[in-house]
Amino acid sequence: MRKNTVKEKWRRGEPTVGTWLNLGSPLSAEMLAHAGFDWLTVDQEHYAIDLGMLQSIFQAISTTDTIPMVRLAWNDPILIKRSLDAGAYGLVVPMINSREDAIRAVQASRYPPQGFRSMGGGRKALYAGADYPEHANEEIAVIVQIEHIDAVRNVDDILTVEGVDAFFIGPNDLAASMGLPIGLDNPHPDHMAAVAKVLEAGKRHGVPAGIHTGSGQEVLRRIEEGFQFIAISGDSGFMTRAAQDALAVVAKARAAASREVI
Amino acid sequence: MRKNTVKEKWRRGEPTVGTWLNLGSPLSAEMLAHAGFDWLTVDQEHYAIDLGMLQSIFQAISTTDTIPMVRLAWNDPILIKRSLDAGAYGLVVPMINSREDAIRAVQASRYPPQGFRSMGGGRKALYAGADYPEHANEEIAVIVQIEHIDAVRNVDDILTVEGVDAFFIGPNDLAASMGLPIGLDNPHPDHMAAVAKVLEAGKRHGVPAGIHTGSGQEVLRRIEEGFQFIAISGDSGFMTRAAQDALAVVAKARAAASREVI
Amino acid sequence: MRKNTVKEKWRRGEPTVGTWLNLGSPLSAEMLAHAGFDWLTVDQEHYAIDLGMLQSIFQAISTTDTIPMVRLAWNDPILIKRSLDAGAYGLVVPMINSREDAIRAVQASRYPPQGFRSMGGGRKALYAGADYPEHANEEIAVIVQIEHIDAVRNVDDILTVEGVDAFFIGPNDLAASMGLPIGLDNPHPDHMAAVAKVLEAGKRHGVPAGIHTGSGQEVLRRIEEGFQFIAISGDSGFMTRAAQDALAVVAKARAAASREVI
Amino acid sequence: MRKNTVKEKWRRGEPTVGTWLNLGSPLSAEMLAHAGFDWLTVDQEHYAIDLGMLQSIFQAISTTDTIPMVRLAWNDPILIKRSLDAGAYGLVVPMINSREDAIRAVQASRYPPQGFRSMGGGRKALYAGADYPEHANEEIAVIVQIEHIDAVRNVDDILTVEGVDAFFIGPNDLAASMGLPIGLDNPHPDHMAAVAKVLEAGKRHGVPAGIHTGSGQEVLRRIEEGFQFIAISGDSGFMTRAAQDALAVVAKARAAASREVI
Amino acid sequence: MRKNTVKEKWRRGEPTVGTWLNLGSPLSAEMLAHAGFDWLTVDQEHYAIDLGMLQSIFQAISTTDTIPMVRLAWNDPILIKRSLDAGAYGLVVPMINSREDAIRAVQASRYPPQGFRSMGGGRKALYAGADYPEHANEEIAVIVQIEHIDAVRNVDDILTVEGVDAFFIGPNDLAASMGLPIGLDNPHPDHMAAVAKVLEAGKRHGVPAGIHTGSGQEVLRRIEEGFQFIAISGDSGFMTRAAQDALAVVAKARAAASREVI
Amino acid sequence: MRKNTVKEKWRRGEPTVGTWLNLGSPLSAEMLAHAGFDWLTVDQEHYAIDLGMLQSIFQAISTTDTIPMVRLAWNDPILIKRSLDAGAYGLVVPMINSREDAIRAVQASRYPPQGFRSMGGGRKALYAGADYPEHANEEIAVIVQIEHIDAVRNVDDILTVEGVDAFFIGPNDLAASMGLPIGLDNPHPDHMAAVAKVLEAGKRHGVPAGIHTGSGQEVLRRIEEGFQFIAISGDSGFMTRAAQDALAVVAKARAAASREVI
């Protein structure tokens, strides 16, 4: 079976850097797969990407060695089964707030006896190899989203579940669950304390931590802090911000010019 | 009929700034339509975008006031008719090398008696209004690509065709047709002379000039030079370069760090 | 944030008129969005319309001021989250039979602290504006389907849930749940009594009532009766009935002619 | 090979009634295929319907005995070959203005020795039967559009081409080519004279005449006039007009009510 | 309502033979629908086939008398409702392990009073006829998958549920649930005993048995054993194995030739 | 630039074996790309596969080292440009009947100065590498179809065109052009003489010959005869024949059994 190089890097203590695919475009996926990311995660939670399109995007990513992942819409066994069969090598699972939630996600993604995933066909063996059934339980990465104050309270219970390979902090949903204002780098002391508690638990239990960032500089800071599953922006974010920046240069210069004229 | 604000700006001597849509994604089109460009041009010449997808992208752009355009695969009456019926307000037509080429493009895009475009249904009136047939001949913009040394030779013949609303220089194809090395800002004196001749003709005949650029700074320079139809990058270009830049920041810092360790 | 004009009309005591989109066609959606309806509801309950197509249809509707809505396949938080992120401004939720059902639908469609909807990206802010997170809880309309005898029994419990913005009567499912024959304008006294009870509760609690109709005349009657969320036919219904009517005119005349010949 | 029942009716001197498919929706196609039309014609000339979608629509029509046809974007051998291979039983070919145009359309749609259509696979034999190659030349209907004053002048040359099975009058393009105002039932005497000349030629040469109509009543009139290929409205036309009529009933009554109040 | 010929054959004690559709291709579905199978089952459990595509495939199958079925992703009322509305005449439901599971599947697929399926529109009546609501409860086939050791234990409870029309053995998931190695024709005595118990229960309760096979020979054996719902391979399996066989012939001969040369 | 391994094998005098992709399914393409063919050719001539789908299929093939090719609908510069930009490494061009036809196909597929292909973006460099523009003229394979008696007459003129990399015999169209009955292995002496003449010319000019076959055995025979571009069946052909064979085994046995019973 094809190796999950992201898990290999995690085991060696190395960071991995990827980005989010929101556009539902196999062509942009193929472009970013060639850009040098360790992994690409298709966001089905907040973007209107159906299963057939997920598979098309996975095919596009599979033209390279970049590892294909998906953020599921929910911690749901049907979604887990179907996206794994389409070729996902990593699952980012929203709203894991308890040990039971984590166990459910892990078991849905593993064949018996470790779990209850259904044997059967699909595209996966094309990508992974004919011996997929024997090795899938080790190669598939399950990444739980810690994004609710309940999850913070239960973080030790969650991270000690066998099969939780990494966790990903969702700062906005976490802030919302705490009744705090939202924002990417949330400065509220309660929020910072919650995140610190989660990170400390991750280190204690040896579970790689993940976070979203907005720039290369921020990635570097997160690497120094020990994060190993680091997302920069997303296909739509890269595109939109670059376009806005270019237009801003034009608008600013023209505004200045028009002032001079006056 | 909805006004073609790009043509209005041209008539007032103002520049317009847009970008290229290569991804074939209605969602990225809608995002960039909200970014503030004057126009968006779907590139059917070099990207695998079918007519149905062109229409979906036009629908996405039509959620805003940004003007929808298409670069056709060829100077072909079928393509012209069908993309106009889908709602194109501007046509960028490749390889206009002679007066005959220009006349063919213009006539295919105009209803009789100015041309031979077929009357009939389609999506266009939804976007433009029920009085589309009466005003389409004035509102639709025909932009000819000057991208061959033959076109340079015939530039006066081409730009004086009634209905040629603007021209767009294709530096790479032009260089290739001259047996020169390609490149966006081609420094070869023969290439520069050819471009200068075309620009000079554009000014003489009062036809707005267009060009592709890679950054906001370059746009400013082109505006100063008098260009009025200026493309910055493209959806795929914005995305890919921003992703590569972010990854380069990370790679450089990590390479430096690894040298320090040694 | 863009205003939900349907909710505004409801607050002013005015009726709103819309139709159902069953065809899964962005082009027919755009055509009907231009026809003058207050809202259009995509029917995912009974028609094979996936999430990606839902988004395409929402884009088509967003070329106008018509409010985009969806009838969900089920009262399911995943479906609610994903369709709202795609840009739905109204949700018609099937089979709300109890206070718990209604609370679940409302909470899934609201951000904390009113609900548990996940913060995050998606297409929605393109349609609604960048301040979507602050105002979405007020602007999104939740319309519960009262279509089971249990719902009739619990109607006061349901309609007094904070966040239930309107209700929609499903006469056929209601009849089926009562063991009665089905039909749009069900004359069975038990059915009429059930509907009367629901309408009376709606008036008592100030919650706008909705119903499906088959013609403009029927809409007028429903407006007089105080309904505020009135559907006429649907894209497929308009088309099919008009086609059948036209063919019937032809068939009848030809049958008459053929009798005369004899 | 499955019989082309439309050609059979023409040979028996009977009229056939169909409609236009503009929406690019296999579901609306299937609905109208069940409505009782003799044929359905997918309009690729003015609507953004690609070849793959054409095939999907043909599959939907093939669930019934209704005959599947296509109006091509142009008199083009590539389009003819590909749409026939996808299962078209009838071709409506635009802008047949001369004998040469007609011969080209016929030959592109016939296997040697009558034409130069390429042998080979495709979906067609699924619909038509394994003996398709032997009988296709007889069963496929070629319908030429007479829609230019040149075609009127050459009408005898056109209609006497072996293999022209019917003709279809395009009143708007015809009017435009004559420098006249457009309109479905064009009352201009020059236009009426041109149409009369074409119809007279059709009768003289025994070639069935076709026309577009807007209602069942108009179909009856055209049948009486001897037309045999009569289109009523279209999927989008049926839908849009029915929706507008229903909304007009509501608007009119409400306007009256609001006047009464005053 | 169109008859479910598969259920008719079951009632007459006859076997039915079908295959699995994995490719998500309406064209391959139409091809196999013409090949002579009694039924075709679209596999949504392990293949990335969305609802819209399911409907397109059902349209393709509906060009013939072959009965369209679906293997659902899960025993889920939403999936059942939506696939039935799209035109499914048979449902293969995974992981029916208890009487409660079976009752839930049956009730979700039946209109009241036998179940809780929602009345309403969709494509189904196009395929089945306008009297669908009256007869659907009898014509729709519910086939439960027996694929877990719990299901074997509860087999009498499951097969005696009114409305369970047939069962289908899933040997791999069954083996996995028993901690045994997987394989199509599992020789392990515990597995054989489990299967024997299930088959015996099927005969006792008069419920047709189903199984997957890899060849025509194996089908014959299963018919002799009394199976009545027998799948051969699948669209992807037929294609891939035939391609591999052809390539193996070439490779073998060339290897032999190259040895001879030496 | 990624090497075209098919051209490398041709240069070494080795045969290559591939198959035809007719289904328009990226999943079946990916399956066959893993089966071990040297190349896969998407058939746009006879199957309803649009450009966007062609690109999706190329992405699926690009997950392996199998070389992606396309059979174009026609010898048309637009189709050539667009399919190359989507990533085609080989073009099978129909109806090359003269030296002019061959030159047109070659020049449309080559950058200046060897041809007139337009420089520019597209997906191609993702597949081939950033140095695509420098090497494309050598790596792209142009395969002309010899399928008309005119082509046989002009075969020396055609095969000596610089840039014609191979030829492919189309026996059915050839037979049709000669007024002969069609059939894969055409035994008519005139047909055999024509094919012999073409093959002899191919050998004389050192241009690899191609042909379609129906089985591995036939491939072996063609390899012995010196063919180097050999197609076996197609995705649809493999699937359909295997399904029919399996059903025939069942039908035959059951017919025999039913006779025995009598």
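Residue numbering begins at 1 within each chain, and the chains themselves are lettered A, B, C, D, E and F in the order written.
Here, a residue touches a chain if its C-beta (ideal position, glycine included) is under 8 Å from a C-beta of that chain, and two chains touch if they have at least 3 such contacts.
In this text, all values refer to a predicted model and were calculated from it rather than measured experimentally.
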Fill in: Each chain counted as touching chain B and chain E at once
A, C, D, F
Worksheet, complete the sentence: Neighbour overlap between chain C and chain D returns B, E
Worksheet item: Counting C-beta pairs in contact, does D-F beat D-E or the other way around?
Response: D-F
Worksheet item: Centre to centre, by mean C-alpha position, how many angstrom separate chain E and chain F?
Response: 37
Worksheet item: When the centre of a chain is set as the mean of its C-alpha atoms, what distance in Å lies between chain B and chain C?
Response: 42
Worksheet item: Residues of chain B that touch two or more other chains: which are they?
Response: 22, 24, 27, 31, 47-48, 50, 55, 123, 236
Worksheet item: Among line, ring, star, complete and other, which best matches the way these chains touch?
Response: other
Worksheet item: Which two-chain combinations qualify as touching?
Response: A-B, A-C, A-E, A-F, B-C, B-D, B-F, C-D, C-E, D-E, D-F, E-F
Discussion item. Could you list, by residue number, the parts of chain B that touch chain D in their complex?
Written reply: 50-52, 54-55, 77-78, 81-82, 85-86, 111-113, 118-123, 133
Worksheet entry | chain E contact footprint on chain C (complex, rising order) | 22, 24, 43, 45-50, 53, 73-74, 76, 94-95, 147, 172-173, 176-177, 179, 182, 234, 236
Discussion item. Under the definition above, what is the set of chain E residues touching chain D in their complex?
Written reply: 26-27, 30-31, 34, 55-56, 59-60, 62-63, 123, 126-127
Discussion item. Quick check on the complex: what are the chain D residues that touch chain C?
Written reply: 17, 19, 22-25, 27-28, 31-32, 35-37, 47-48, 215-217, 219-220, 223, 232-233, 235-236, 238-251, 253-254
